[in-house]
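The structure appears below as structure tokens.
Letters are used for the chains, namely A, B, C and D, taken in the order the chains are written, and counting of residues starts over at 1 for each.
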């Protein structure tokens, strides 16, 4: 049952060293504030799971928090490569990073299977693809009706799922609108879940009946963090801060500059700072 | 040397746009030329359906997105679905006629690498990875590839098969149980290449204005083959060029000077 | 690509004798008008597919149109048994009816698999259930990661899928709201599809971004039939006509009364009659 | 013979309502007592989550639905999802604590038949079938069964196993790989039966006011077992009875005189 608490309390209660955790968001609604809180709390030995690890995972990997990464596309969206991730994979800095690499279809299906309580996802994929040769978690099943060989991957069931959403109501139900990505699935697939929201409203009385709503009893903790997706965006609240994504490319290119930036902007910062960061951004419809 | 009234990049984008039709359902993956897709939509193919893997179906952005999940894509879409649904019902469901892919490395059979340069376990360069590409390559009716020509990109042998094209030649797809056509078109900044129905190899079928056979050969890491009758790609029309430039200008204005990246 | 046409044209173009067809709707939005048109056109040897065959399939079976029924719950919702269906199964009247019986979970998964282009659906089901012994289309696959044995059923890929929806826009996109059932899946799973709608609007400009919308290019034919779900209901248009469901129990109890009722209310009726039938029903919010 | 101030039906519904708690997530399938679930919600369990298989989650109808897909269920729900999602994410996902099932035939181990009377291929009576029951029985944390007692319904051997209870006794569920508890409670118009943790059999644990051991035995097709200490079911409270009757009255008014069926 969803409990409202501070972001610091939420991450402390739900995330432990050694856990597998998915901070999900598909360009939209990326939970930056929650990731920064995890960084401040110095969590370590994490297995990071995400379809599109971008800036926040670059930051966590650069801080040496990750033992393993499960992913399908590791890029800075609209910009290019992730330089901290590359440094970890190519040079083992600041520590060696194990990777388990999939395709988007596999990851999306694996979250769907996790939400569905299944041990595996079955789909038509990886035909002729090199990943099937290097990832032992890509197997197959044969259709007993047609004989077709289909791909199978293990369901994703993270210890913790973390997402950012537009709003919660007072009862703790959470509403996600626009590009909803795999956010519903990651919360349902995870053993525990944290949702940061832009605001709390009295109720969702006027919401569309088929909108993406997570009932309160599917969520562990809710923290109100206005601007908590910055520099990602929250439809209806603020637009994407594109210059910040571009700036990251330069910051992450150098180990010292990275460390200094993290010290100032993450370690010495607070969840409340996110509201200021989006104050000047265009409000999106 | 004359100064052309359009750049090679513009020619590449416009040539790709021309390959798209009104009835196409086009999957615009990461790194793919959403500029081409949107120029097609704004010129000869107003009813083309553009799908971005973030879940937006039938989207019609007025500016080019910086990422595949920009808010504008959702705001202008016919509907926005979850990412699992996107990959299950829409891509795997066989509803997409054309998948657009880019490549860090490409071979003559349309096999693509966007995963690693060097060995997978000890890479020289760790690239972003495949994202949707492995299943885009197998599930879409046809695959169009766009990239600038270079010997580093168009290689004899790719380091990693991120997405499967024609393998080592025609017949390999069918052997894997694939009944989609795979890569049929390669559009570069110099030429249009088509897949040879017999061998599965890309063959130059048309040269862009100002591009020479020699330029194509020199910027291609495999031995380039030319069709018996190589055509001349028509230069961009006034409408095409204006549409593309207006789109880029709107994009730059909306996103700031840095705007307009296709990925 | 969706084409607007009359219901008579739509059913004539898309449905042939011997086809497999699913007229879907889960209590809400049941395509009564389309089913009646199929009855008037005298289609025969059909394989009828539906999770919850109710009055319309009782009617089609009673008229001898069905060779085979694939289903998971055959009842008159809120009332009881389906008497024409029983007569066909128990007594072979007016003809023998083959049945392929599943659970709801199996049918829902099988539609989902059909929409997903897969040959089969995999789920955790039929444990200890008698249907697994009598239905040869219930098989299993083994998870290559955990060894768990899961149920497998063939994907449903009807020749024709028929649904009723609230509205289409002029381009032919279709909006379904409220209890959406398996309607999206059946259209995406079917080779051809017919959608009857309450009305056509200029556009869906104000619709929720994540509402259930079928793009025009997924639909074969759209026919405007106000009231076309009667005596089922269309949220936002009219409520359920409960007395009609109760009345059906008496009509279907007797072969002659059934035939007479069908003659008057279906064979001699037109799609336009449905608008009158819902005129007096309470408008639902 | 005194006229009781409540009917046996009312007692059955109220006894079932009492078995539900605030934290329960209750799957209300076809034929199940949505009256009991809604009485619980309107009395001691205001925060109970009611799920109908039509896709409505967290619904709070002011009148009882006539079908599992009434508009009122959607209008009052926290969210309404598609039916495939309902069965995949919500039921199979293991999120439902209690599944309510009815039965045409029931045996002492909680195995249920709602499929056929007689042989499957040549039935005497073709019943509606299982609907969601086979997977409700396996996926929910616990199963509660409600039915009026009769020798025709509570039988030694059911004709068809629509949904699996405890098979032929405790251990059979685990042998099938089921880690949910299965039927734990049977609430009839005469008594409350609980599943014996040793044998998996239903054992009478409480007799409703006015019901006798003899009445239970005479209306049960198997040899009824009684707990060592059989309790007395408390009579319905004023609040319980008023709540149930008000609900039924609102329902009758909304649906017409015929209203109020639970299926």
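The rule we apply is simple: contacts are C-beta pairs under 8 Å (C-beta built on N, C-alpha and C of every residue); 3 or more make two chains touch, one makes a residue touch a chain.
In this text, all values refer to a predicted model and were calculated from it rather than measured experimentally.
*Asks:* Can you list every chain that touches chain A and also touches chain B?
*Replies:* Chains touching both chain A and chain B: C.
*Asks:* State which chains count as neighbours of chain B and simultaneously of chain C.
*Replies:* The shared contacts of chain B and chain C, listed by label, come to A.
*Asks:* Per the definition at the top, count C-beta pairs in contact and tell me whether A-D or C-D has more.
*Replies:* The comparison resolves to C-D.
*Asks:* Where the centres are mean C-alpha positions, what is the separation of chain A from chain C, in Å?
*Replies:* Here chain A and chain C have centroids separated by 39 Å.
*Asks:* Distance between chain B and chain D based on Cα centroids, please, to the nearest Å.
*Replies:* 57
*Asks:* Return the distance between the CA-based centres of chain C and chain D, expressed in whole Å.
*Replies:* 28
*Asks:* Which residues of chain A are in contact with two or more other chains?
*Replies:* If we look for residues of chain A contacting two or more partner chains, we find 112, 116-118, 123-124, 148, 178, 180, 184-185, 209-212, 235.
*Asks:* Find every residue in chain D that makes contact with two or more other chains and list them.
*Replies:* Residue numbers touching two or more other chains: 74-75, 80, 88, 92, 139.
*Asks:* Would you mind giving me the full set of chain pairs in touch?
*Replies:* Chain pairs that touch: A-B, A-C, A-D, B-C, C-D.
*Asks:* Given the complex with chain B, which residues does chain A contribute to the contact?
*Replies:* These residues of chain A touch chain B: 26-28, 51-52, 71-75, 77-82, 85-86, 89-90, 101, 103-105, 108-109, 111-112, 123-131, 134, 148-149, 178-182, 184-185, 212, 233, 235, 239-240, 242-243, 245-246, 284-285.
*Asks:* What residues on chain C touch chain A, complex-wise?
*Replies:* Contact set of chain C toward chain A: 116-120, 122-124, 137, 139-146, 148, 150, 152, 154, 177-178, 180, 208-212, 235.
*Asks:* Can you check the complex and tell me which residues of chain B touch chain A?
*Replies:* Going by the criterion above, the answer is residues 30, 53-56, 65-71, 73-75, 80, 82-84, 86-88, 91-92, 115, 120-121, 123-135, 137-139, 160-164, 167, 172-173, 176-178, 255-256, 258-259, 261, 263.
*Asks:* With touch defined as at the start, can you tell me which chain A residues reach chain D in the complex?
*Replies:* It comes out as residues 1, 112, 115-118, 173, 184-185, 188, 204, 209-213, 215, 217-218.
*Asks:* Could you please specify the touching residues of chain D with respect to chain A in the complex?
*Replies:* Those in contact with chain A are residues 23, 25, 49, 57-58, 74-75, 77-81, 88-89, 92-95, 139.
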